[in-house]
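Look at the two complexes coming up: chain A is in both, with chain B in one and chain C in the other.
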Partner chain A sequence: MDFRGILDRLKARQAPGLVGSDEPRAADPADKKDKGRAGDPFLWVEAQALPRFLELCRDDERLRFECLIDLTATDPSKDDPNLHVVVQLLSLAFRHRLMVKCTLPKAAASMPSSVPVHRAAQWHERECGEMFGITFTGHPDPRHILLPEDWIGTPLRKDYVFPDEYHGISCK
Partner chain B sequence: MGLLEQQFEENVLTTKVDWLINWCRLQSVWPMTFGLACCAIEMMAVGCAHHDIDRFGAGAFRASPRQADLMIVAGTVNFKMAERIKRLYDQMPSPKYVIAMGACATGGGPYYKYGYTVVKGVDRVVPVDVYVAGCPPRPEALLEGLMKLQEKIQQSSVIRRPARTA
Partner chain C sequence: MAESTATTEREFMLDVRTQDMEVNMGPQHPATHGVMRILMRADGEICTGAQPHLGYLHRCAEKIGENVEWLQYLPYTDRYDYLAAMNNNLGYSLAVEKLMGIEIPRRALMIRTICAELNRIGSHLIAFGTYGLDIGAFTPFLYMFREREWMMALFEKICGARLTYSYIRIGGVFNDAPPGWLSEVERFCDVFEEKWQEYVDLLMVNHIFVQRTANIGVISPAMALDFGLSGPMVRGSGIDWDLRRDMPYELYAEIWKAGAFSIPLGKGERGALGDCWDRAYVRVMEMMESIKIVRWCLDSIAPGPVIADIPKTLRVPAGEAYVGIENPRGELGHYVVSDGGKVAVRCRVRGPSFTNLAVVEELMPGTLIADAVAIIGSTDIVVGETDR
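This part shows the complex of A and B:
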């Protein structure tokens, strides 16, 4: 199934939290400043409804997105008040893929954990947690995964301030 | 040794204790088995037949710090690893030597500016004897580093060790 087909199916099933879609398009020849948009199509989904959305994608007999390829986050800019959480899904049965994005306010970066739906999300959410400071409520094991447990700060946020020293080792 | 020359039977030679002990030490610098990143691949190449670090008596990679004389820090050192490296260094018996191999171990390398977890040089954690330049250094460069270390050992004295300049 292609992206339009997946989108129609999700709309027909009244997928929880589905906000909209974003597709690549060619540049408008009349408007010289318009560069179009490259890349893959994706769906905007409400962050608080993401686990329920993933559950529907997994269990629907026409979609069957049973494999969570990736769950990560990006910080678009220092001035942007939101983080983006990006999820990649794959259906092994139908061999189609889907990208899902959520916005999450930096000031209150908390969203429900997707682990009850996809166990593969465990390590990804731990990494997002330590790198971007996102709290995944209901995560069974919210420790750091790469950084030391006593690390201060969230390194992949754009406003991250580098530490001066760690355990007596100078960082400058 | 002019006075004692030709004064003894065959198979007896006279020398200084320093020379003898240093000669033993520098011909059997046993490194510790550990690699941290891509530099370790070059270190493995040094251990293999083509470059053959065994020509310098340093081919016996030991699996325990207690049996090793030399620590080749081959790769990127991050803060989590730095504490383990310090601990391994402390477990090695003296005299012990450290070679910082490659740009990362020498000064952070490509991670100097934006690597939030990379230690900007392993000399902030353990004293380094020889720095080997390169990213990663070619096997010949590591062999030259080892030869430099052997020169350094040659100059040491049993009675009084020269002050380290770390």
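This part shows the complex of A and C:
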């Protein structure tokens, strides 16, 4: 199924938290500032409803997104008040992919964990949590994964300040 | 009685009184193939829990991606899965090319495919060779390094490097194959086909190897999907899935149509479906399929340009793209976000080793300590990629 087909199906099923979609488009010749957008289409979903949305995607017999390939986040810029959480879904049965994005305010970066739906999310959420400072409520094992447990700061946010030292080791 | 029934049964079985003990496997352990620590809880000879601790090799690859130019990031991609650097270069290049919408010359596609498949053979040789080494078979490992050495010499001839190539570039490949290179690849294929049979006889059907791997670390198809596994890990469980056929990139759609390769699957021949033996079997059979793909490319390659016309400083159009390719270890995903500038906004790497390792936590409890190494070896992780 292509992106439009998936979107129509999700609308027909009244997918929880579905906000809208974003598709690549060519630049508008009338507007010089508009450069268009390249790449892949994706869906906007409400962060608090993400696990329920993923569950519907997994269990719907015409979508069957049984694999959560990736869960990560993006910090669009220093001035943006929001983070974007990005999920890549894959259906082996129907050979299609879907990208899902959620906005999450930086000031209150907390959302429900998707581990009950896809166990693949467990390590991805741990990584995402330590790198972006997101709390996944209900995560069974919310420790750091790549960083030491006592690491201060969230490295992949754009406003991250590199530390001068770590346990007496100079980082400069 | 205060003791639970389970404990009583085990005491009866082993006839000794045991208590829980915590053992650190690593950070320097030959079976982890890198710097990784697994904290194991053992009750006598039985493993009751395992917790992988990663991060010893974390080099901030994703943060670096946000600080260097698009082309400058390419050498960093070599360094996550250093056993399949060509495939990593390819994955990153494809993601950037998708945003830019560049058309790649046909000869470049051919050379890319040859290099990626040769690298897959090299990677599987290490995976299979060191797997034998982990569980006590030293000799096959040396034989496999002999063939891998030739493969590396081939890569040295084409790009000058033996391990971290940076040869596949955004827009094509760095330079054309030197004279005589393609015919040497053909000679390599001829010799490899002979040697491959040796590995099968020496290790794959070896009674001791089968006893150590069959029925160990069984991953059911449902579990494989739930954990988001990919590559030989899912094919070992009998799931017919290969991105080269199912979501083809480069020339693979054409090669598949020509019937040049097939996709080997685990069948539970020596034990339960999805055990360690099945995963090793898939890797061994895949080497032969890669040889077939290389041969198809050698037959159809024609002269022509090897790199598209791209500027020295890339400006990638604003947008975001995800590209997943079939690496030797599974799906290598690159998610790149651009705002139209010289530097990426986000450069996410989804390493197959990272997700494949997560399943170890689930597989270990209840197995014997002696089988722990067999299970970790069968996931075929590269720590450079789990930690990035």
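Some observations on this one:
Just so we're on the same page, the second predicted complex is superposed on the first by the 172 of 172 C-alpha atoms of A that agree within 3 Å, B and C clash if a C-alpha of one lies under 4 Å from a C-alpha of the other, contacts with A are read in each partner's own complex, and residues count from 1 in each chain.
Heads up, the rule we're going with is that contacts are C-beta pairs under 8 Å (C-beta built on N, C-alpha and C of every residue); 3 or more make two chains touch, one makes a residue touch a chain.
On a predicted model such as this, the values are computed, not experimentally measured, just so you know.
Following the overlay on chain A, a side-by-side fit with no clash is recorded for the pair chain B and chain C.
Between the C-alpha centres of chain B and chain C, as viewed from that of chain A after superposition on chain A, lies an angle of 40 degrees, to the nearest 10.
In the superposition on chain A, A:P116 contacts neither chain B nor chain C. Judged by the number of chain A residues each one touches, C leads among chain B and chain C. Within the superposed three-chain model, A:I169 lies in touch with chain B and out of touch with chain C [touch as defined at top]. Of the two partner chains placed by the overlay, chain B and chain C both lie in contact with A:P148. In the overlay built on the shared chain, the residue A:E66 is in contact with chain C alone; chain B does not reach it.
Closest approach of chain B to chain C, taken over C-alpha atoms in the A-based superposition, is 5 Å. With the contact threshold set out at the top, residues 147-148, 155 of chain A are in contact with chain B in one structure and with chain C in the other. Chain C contributes residues 54-55, 58, 60, 62-63, 66, 98-101, 225-228, 230, 239, 241, 246-247, 316-322, 324, 331, 333, 335, 337-340, 345-346, 348, 350, 354-355, 358, 362, 387-388 to its touches with chain A in the complex. Put simply, chain A touches chain B in their complex at residues 147-148, 155, 160, 162-163, 166-167, 169-172.
Across the complex, chain A is touched by residues 79-80, 82-83, 116-117, 119-120, 124-125 of chain B. Partner chain C is touched in their complex by these residues of chain A: 24, 35-40, 42, 66-70, 72, 74-77, 86, 88, 90, 92, 95, 97, 99, 118-120, 122-124, 131, 144-148, 155-156.
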